[in-house]
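Before I ask anything, let me first share the structure, which is written out below as structure tokens.
Going by the order they are written in, the chains are A, B, C, D and E; count residues from 1 in each one.
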Amino acid sequence: MIRKSWLPVTVILFIIIIWELSSRFFAIPDWILPAPTGIMTEALAGWADYQHHIFSTIQLTIYGFLLGVTIGLLIAIALHLMPKLREALYPLLIMSQNIPIIVLAPLLVIWFGFGLTPKLIIIVLVCFFPIAVATIDGLRQTNPELIHYMKMAGATNKQIFTKLELPHALPSIFSGLKISATYSVMGAVISEWLGANQGIGVYMTLASSSFRTDRVFVAILFIMILCMLFFAIIIGLEKLLIRWRKDENG
Amino acid sequence: MIRKSWLPVTVILFIIIIWELSSRFFAIPDWILPAPTGIMTEALAGWADYQHHIFSTIQLTIYGFLLGVTIGLLIAIALHLMPKLREALYPLLIMSQNIPIIVLAPLLVIWFGFGLTPKLIIIVLVCFFPIAVATIDGLRQTNPELIHYMKMAGATNKQIFTKLELPHALPSIFSGLKISATYSVMGAVISEWLGANQGIGVYMTLASSSFRTDRVFVAILFIMILCMLFFAIIIGLEKLLIRWRKDENG
Amino acid sequence: MSTLAIKDLSKSFGGDTILSQLELKVNEGEFVSLLGPSGSGKSTIFHLIGGLYQPDKGIIELDGKDITGQKGSISYMPQSPSLFPWRTVLENVVLAQELFEKPDKQKATEMLTRAGLADYINSYPAQLSGGMRQRVAFVRSLLSPQSLICLDEPFSALDEFTRLDMQKWLLSIWEEERPSVLFVTHNIEETIFLSDRILVLGARPANVIEEISIPFDRPREESLTLTPEFLQLKKQIFHTLRGINND
Amino acid sequence: MSTLAIKDLSKSFGGDTILSQLELKVNEGEFVSLLGPSGSGKSTIFHLIGGLYQPDKGIIELDGKDITGQKGSISYMPQSPSLFPWRTVLENVVLAQELFEKPDKQKATEMLTRAGLADYINSYPAQLSGGMRQRVAFVRSLLSPQSLICLDEPFSALDEFTRLDMQKWLLSIWEEERPSVLFVTHNIEETIFLSDRILVLGARPANVIEEISIPFDRPREESLTLTPEFLQLKKQIFHTLRGINND
Amino acid sequence: GGGSTENGEAEENASEELKDITFVLDWTPNTNHTGLYVAQEKGYFEEQGLNVEIVMPGEAGADQMVASGRADFGISAQEAVTEARVQDIPIVSIAAVIQHNTSGFAAPVDRGITSPADFAGKTYGGWGAPVEAAVIDSLMKQEGASVDDVEIINMGEANFFTAVERDVDFAWIYYGWTGVEAELRDVELDMLYLTDYSEKLDYYTPVITTNEEMVNSDSETVSAFVAAVAKGYQFAIDNPSEAADILIEAVPDLDPELVKASQEWLSPKYQDDAARWGEQDAEVWQNYADWMFENELLEKELDVESAFTNEFLPEE
């Protein structure tokens, strides 16, 4: 892990250096694009003021992501096991991705108030879809030779599912998890625009409305860090669970 | 096709009927949630006024989606063929999904003006990621036995890619395409909030700011129809290109 | 210990009729072999018995019970090993058992050792040679709980000695537990050495064109294969098969 | 028409040494067979020649040129058919050819017909029987342009007659074009019938423990297998192999 | 003499080549913007040799667009210009669209909020800016109450009518749009205007802005633009109903009924008690900047002189 990560770190450092230099060279005003050093200064100086926003968003993201993934997996499994249901509900799944927040927000507020519920719904809506699509596709791509064997051996549908299709779909599921994890942090930030008192989303809108572009970028910095963290956790889990692949190619 | 689609149509009709009935029964005010009949009335009455918005969005979506898919595929292929590059750039891909529009929007407009470019950038940003992740994962999951054969047979890396890995990854690529197609319409709508004079996004914000909830729902109706259309085209293409799977199970 | 009776079985794929009005019987504790040209429909017969495909016509009975299209009645070894790449050898062999009862890992380990795979118990299938994978699939079928065993070319990838060893092992298990066995092979010596009865399938559409009862006593010794009676029988079957091929 | 020379080749997986200081030579236009117990390393030797694995030590030369770790020098038929599920039979057999030149579909169709697959030219692999898939892989290797052919148990899934037919076909092609052939099989009769020379591999770590030159003239007839000299040779090889297995 | 030459030039330009101008709104088009659309429709811009494109900023936000020169002119508000200038963002207010602040706190009558003291114990729905708490506090202090007793929640994307259905008791609205909509819906509101409680809060909102670059080096264009806009607003002042029709025509997706009613309400308020439309008073700027600074809403004091100018307004 450590040996491998120097390359992306180098690239990122390189980009930051280019950015800093061009900021200085072209004298780009801070309110358009602050220099990395400016952002870092603000990040360090303001830590005490904004850290509660970050922890609040982390919490929200975790709840939302776990809920979203659970729902996504359950939907995928249900639709896979019941092809009739898949036919009937697949269009609804797609539709669910096309309700703009601007419309959903008022409805959610009227139905659920300004509490945690509407925010979780937003994150779930963002997260569940990539997981569900990837899982359904993964389940359908199981090696037919192995399915034939399982059927001949007398496996019940449940056994075919748990012992064959699910492990076989794991790589696809992780592919979906990676997309969802990436979206979950942004989902949480967006959900905070829907009426929250703290969180990175709140911090960012305030910063933006008072023209503190440097703070906006501090917010983005943390969104990115969070996201990379989530992503790293998913990849770690993937490595842990899909061991055999490594051996196979080794 | 026709025989199969009655089920989802039934479900959707059922939902619409429930919605209509509860609208009437609970006397939900129109400005919170208009009844389907109300939405339809407005959709029919206003067609001449808003149809140019729809065609504008369709055009934008198609350009953006095609561009996004192309870029997503190219990135995935490049990262797959050059593992060093993958290591270096993967984190950047993830980061690209975590730049909130609120921050990006001013920068894009400052750099590219109010024209087509910034809008396309937004759609591409939304579309390319699911494609890229799904394709990379699909390419990596190629049956190692077949890769061994190809190597022994003297296939160049390019041949292994074009003759084996790419056709093998097709189902995964389609899985990514489905997710991207779903997002592309919403992406176009969002990109229109970035300063456009026409498009469903414009129509919707105008409707929303003049408290015309029925029009907002007309906009959603068309977003959904567009999205289903795109999705159907992708599924059609999938059926056309991945013929052998059907035969195999038949 | 089961009786299998196949009556009037027909099956076609697309327009091709593969099996037509096939009649076949395996008595309780009997060891029956199927011989036939490549592509004649032997594996298809297994798939029909196993309930994977529905026949176009006909009935399959196990112990007098109609099991047409019903799965899980047989212990099965497919022609290609069909191992799960993410399971170790040990996890793979207990798979069929797992479907019905708590797997007996102790016994599985013993049987893997007997099959010469002691060092590979925790390896993944991709780390094995072709013959090793076949032995894993063989052990898996022996560990299944059903009493009708269907083996589809179980020893095709083994060298003569490993093959002989496996044959003797199979016979010893068979003599002890007396399951009914339906066996597909292309090796005429093997089929004579193992079977009570041999059914020869003709070319398409396949049907049993000759039935040969093997007169040799049990238990059989390896030396049997060198006796003139054995060679005579081998020659006879050889000619029958040549007849089919020259049609 | 190529000369293959393997010198001092060693290979291990993890801690297990599979091959140790292997020496092996295939002369121009020679037909050489490898015999050895299951898991002894025959397929691994092929993988090394084909450049799939890098050896731990040693050199592989083709026509005096070092091809260690270099791919594409041999025409290869793997132990498991390795067909592409999304390609039809015809598209599959021209695959190896496609890598180097414009595929000759005319010739491919003829060869498929010769292999008894005329009716399956446009079928997908999943629609074929085990033996049919093996023949497809065999035709594919015959269509590759390289002049050293490596065949890994090419006929294991075929019945005696299809097998004999394929053997005779292989011999007729060989006699016409005189490629160098390296052949793996478990069938002793087959190996005597086909080869100029037989190399017997010992148990792990594998090395050539016996080399047997086959004295029979060419072209060989099927009747050869019934001559006493043939049976004598068969017995000899049988005993050599038994020796390995009893170690 | 000089004046006539200028006019002659302008006319000449008109017949030859129009100067392209981008104007960016603060939000979606509404009656605050009527003068612009009138100037557009009636050809006042063309008379001044300008070809104006009006764009909505969407998520991009008008102020940065104007400051960076991507847009030549835009709509903003005094509070935003103040904050922006303190952050060294070079935008300048060149005309006040409405003379007095028409915003205030609104609540459905059943909440019983008739004076700032009634805010105590109620829930305020806002957008989370510190200025909100400060304004509420300064109103409540006059009646001996404190903002500490108000629960403030962020209502995000929800609109006023939705928010007051749940949880929220009162919110900060522009009467000219949301208040008029309430009238149309027969929702009875209690409306507490800021101007009724504090002089200092009578700031200009909205205003028309441009960037310092334009002010310093292209004053001709700025003058021409402001002249056309002023004519447009003058028309809206004189002919509310006709002006509303022009806006509806230009942006047919707006709700005509709301536009008409809103225009009726707003037209007298554009110029109000000022000598001419668009006039800005240094005292108003100074007062509000001081108030913000006192309430720790600004990091440093505003240089009022450079924040706005009346120099481009047409002579009356």
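Just so we're on the same page, a residue touches a chain if its C-beta (ideal position, glycine included) is under 8 Å from a C-beta of that chain, and two chains touch if they have at least 3 such contacts.
Nothing here was measured: the structure is a model prediction, and the numbers come from that model.
With contact taken as defined at the outset, subunit B and subunit E are each touched by A. The leading chain pair by number of C-beta pairs in contact is A-B. If you average the CA atoms of subunit A and of subunit E, the two centres end up 39 Å from each other. Distance between chain centres (mean CA atoms), subunit C to subunit D: 27 Å. Distance from the subunit C centre to the subunit E centre is 87 Å, each centre being the mean of its Cα atoms. Our note on geometry: subunit B versus subunit D, Cα centroid distance of 50 Å, whole angstroms.
Shown for subunit C are the residues in touch with two or more other chains, namely 80, 126-127. For subunit A, the set of residues that touch two or more other chains comprises 32, 102, 106, 110, 144, 205, 208, 248.
For subunit E, the set of residues touching two or more other chains reads 61, 64, 68, 159, 162, 165. Two chains count as a pair here when they touch; such pairs are A-B, A-C, A-E, B-D, B-E, C-D. Taken in their complex, subunit D has these residues touching subunit C: 13, 16, 35-39, 43, 79-80, 116, 119, 127-132, 135, 152-153, 156-163, 165, 186-188, 238, 241-242, 244-245.
Only residues 46-47, 50-52, 71-74, 76, 78, 80, 82, 84-87, 95-96, 98-100, 124, 126-127, 144, 146 of subunit D touch subunit B when the two sit together in their complex. Across the complex, subunit E is touched by residues 31-32, 49-50, 101-102, 105-106, 108-110, 113-114, 192-197, 201-203, 205-212, 215 of subunit B. Subunit A contributes residues 4, 7-8, 10-12, 15, 32-33, 84, 87-92, 94-95, 97-100, 102-103, 106-107, 110, 129-130, 133-134, 137-138, 141, 144, 171-172, 174-175, 178-179, 182-183, 185-186, 189-190, 204-205, 208, 216-217, 220, 223-224, 227-228, 231, 248-249 to its touches with subunit B in the complex. Of all residues in subunit A, those touching subunit C in their complex are 145-146, 148-149, 151-156, 159, 163-164, 167-168, 242-245, 247-248.
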